[in-house]
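Labels run A, B, C, D, E and F following the written order; every chain starts at residue 1.
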Amino acid sequence: MTSLADTPKAPGALRYTLLINAAPQSSQASKSALRFAESLLQMGHNIERLFFYGDGVLNASSLTVMPQDEINIPAAWHALIEANGLSSVVCVSSAIRRGIVDTAEAQRHELYATSCFTSSEIGGLGQLIEALSNSDRMLSFG
Amino acid sequence: MTSLADTPKAPGALRYTLLINAAPQSSQASKSALRFAESLLQMGHNIERLFFYGDGVLNASSLTVMPQDEINIPAAWHALIEANGLSSVVCVSSAIRRGIVDTAEAQRHELYATSCFTSSEIGGLGQLIEALSNSDRMLSFG
Amino acid sequence: MNSLHIIAKAPTSASIAELSAIVDEGDVLIFIEDGIYFARTEFSPSSAPRFNHLECYFLEEDLAARGIDILEGMQTVDTRGFVALSARLPRSVSWY
Amino acid sequence: MNSLHIIAKAPTSASIAELSAIVDEGDVLIFIEDGIYFARTEFSPSSAPRFNHLECYFLEEDLAARGIDILEGMQTVDTRGFVALSARLPRSVSWY
Amino acid sequence: MDNDISNKQTISLIARRAPYGSDGARQTLDIAFAAAVFEKSLNYIFIGDGVFQLVAGQSPKVISSKPLGAALETLELYGISEVFVHRDSLLSRGLTESQLVCRAFLIEDCALKQLIAESTYVINL
Amino acid sequence: MDNDISNKQTISLIARRAPYGSDGARQTLDIAFAAAVFEKSLNYIFIGDGVFQLVAGQSPKVISSKPLGAALETLELYGISEVFVHRDSLLSRGLTESQLVCRAFLIEDCALKQLIAESTYVINL
């Protein structure tokens, strides 16, 4: 586990875990979560971890294609995670059931494609619980 | 369009279009639709077309991995479609937004993976409307 | 011509107001998936009955899955019976 | 210690019975996404008010998106205000 | 011929979801446009929270969504004129006909049941 | 140390979805098991349609689902003993305590509000 002291902390800044529980196309929740995360960072708070659960794992789909006039939510998450060096975890049991696989999972299950942005790590629910231990707040969107 | 005369028809048999509108993991609807489709065929009715729409397109995901003791719904659809030579269409605009792409879509959008079972065709809503023209019944599951 | 209404959500989530506006005299109702919990509300003696003057069926597989018993006088069908109902009625309306 | 309740579904789909069982005196409510339609029911003069004795906010972006006006006396916040509320209250409860 | 059969069929679309929160409203609209291309006879019925789709003055750019009301305004251009709004749903949400983006027939339960009874297919996403 | 902090935190899980129809009930259960492994203090609260998860005699094999009631029976083996059922939700669904798969504390609204007020986190999927 990361020690609390490792996390940089501005005065009054809080550490948030965000749980994202809905698919980007089917619900507005992903968009709300994304806007919330952007505002959090702008206001000087820290994101301890993004945790994608259930249908939320589709937010990490690297195969998502959007028409030109619509926002590509998975690409927007990817950019936010990379730009801010965020910890982002996709729940493995939700992910493989929904066809979201990284190179390791694809090899393990003899699939010939990967579908998960590399900015997110495929991991277990323990990483949600661990993040909560190191957070001040948890918000979920679904 | 297929002429009505082309469809084999037992006495009393009806032609059904099934609209599947929910993801396999998130809702029981896919399982209900699958059991309904199997019973339809066993009872001598015909399936004019399966149409996967909205989150339902995830039923065609070839990257889905299930634990050994759980049913792999996309694989079950794939088997049913192949065994019975069914027409199965995945709505293109729903599909690409959810990372379900076949070889043609993957090439068009410069993706390096495909995620759609070959037993389903990626097509437009016109193919739903066309199927309705040639059907006696439409049931939707979501 | 009457319709077959396929109710797949629990009484708490399906919008009952809209169902009432659309269900017609002589229509047939089948409760599937979480819809079978209607057996615990709409049709129980304590609550005001809304649809039990209509021909209603509960899907057996979904009742068994959930461990829910039906009350006396309720009718059940299995999936083949569901298919037969869909063939008998000229159209279906799904509620989910 | 009080909670921030984040209500993201319309009054018809959110289970109001459960919300009432859990929302406590002194809790703060924020209505987002389809939750902003609560501005058309819970808080309108014609219906029985349920939560308007509590501190309530409507998310401005979601009101504007839907073309829904608030009634006199209703408070709104933007997403930054939403963040500030989440920091002020020690915990949140999401309703979706 | 197929065309004869198509023309005899009527599809009723029941739009009962609020816009933006979920994908349902948009999905129903896309089916309406596709059916119009095939010159299907269509009833587009707004009921329950679906009436919120028709509210004028939607500005969903701030939530990165495409405007639905603006799209519904164009229904008539696509030859879709059988647009119905369930009166009770509208009134119980504190809305009036003048707040809607397009012309629509206000209907009661009995007329609604009649529309359904005369439909070949009913799509209720 | 982290362990001290973890142990001071309490997570309340609100289980309010019926089993099988959607994935929510199973998702909440999986979080409960993960939290138990990390020896988190946990309140598992069944309310609304969530009380149906606890009904004895579930046989979901016929619908190709994994039994949820059977899994909930094992909560105590995982050290999860703070299981609460909202009394009104149970009674209004015509259920009694004797029909449940595991031992649970029946609670009223006021005790429920108290549990929430004492929680570090509330997960309400």
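One rule holds for everything that comes next: contacts are C-beta pairs under 8 Å (C-beta built on N, C-alpha and C of every residue); 3 or more make two chains touch, one makes a residue touch a chain.
Please read these numbers as outputs of a predicted model, since none were measured by experiment.
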Chains touching both chain E and chain F, listed by label: A, B, C, D
Centroid-based (C-alpha) most distant chain relative to chain C: A
Chain whose mean Cα position lies farthest from chain E: F
Between D-E and B-F, the pair with more C-beta contacts: D-E
Relative orientation of copies chain A and chain B, as a Cα rotation angle in degrees, nearest 5: 180
Rounded Å distance between chain C and chain D, as computed from the means of their C-alpha atoms: 33
Between chain A and chain F, centroid-to-centroid distance (C-alpha), Å: 25
Shared interface positions of chain C, touching two or more other chains: 8, 12-13, 15, 17, 33-34, 61, 91-92, 94
Shared interface positions of chain F, touching two or more other chains: 20-23, 48-49, 63, 65, 120-121, 124
Residue numbers of chain B (touch at least two other chains): 21, 25-28, 32, 35, 54-55, 93-94, 138, 140, 142
Chains grouped in pairs wherever the two touch, ordered by label: A-B, A-D, A-E, A-F, B-C, B-E, B-F, C-D, C-E, C-F, D-E, D-F
Residue ranges of chain C touching chain D (in the complex, touch as defined): 12-13, 15, 17
Chain B-facing residues of chain A, complex: 23-26, 54-55, 58, 61-67, 74, 93-94, 96-101, 105-106, 109, 111-115
Complex contact set, residues of chain B against chain F: 25-28, 31-32, 35, 69-71
Sites on chain C touched by chain F in the complex: 8-10, 12-13, 33-34, 37, 40-41, 44, 46, 61-62, 64-68
Chain A contact footprint on chain D (complex, rising order): 6, 8, 32-34, 61, 79-80, 82-84, 86-87, 91-92, 94, 96
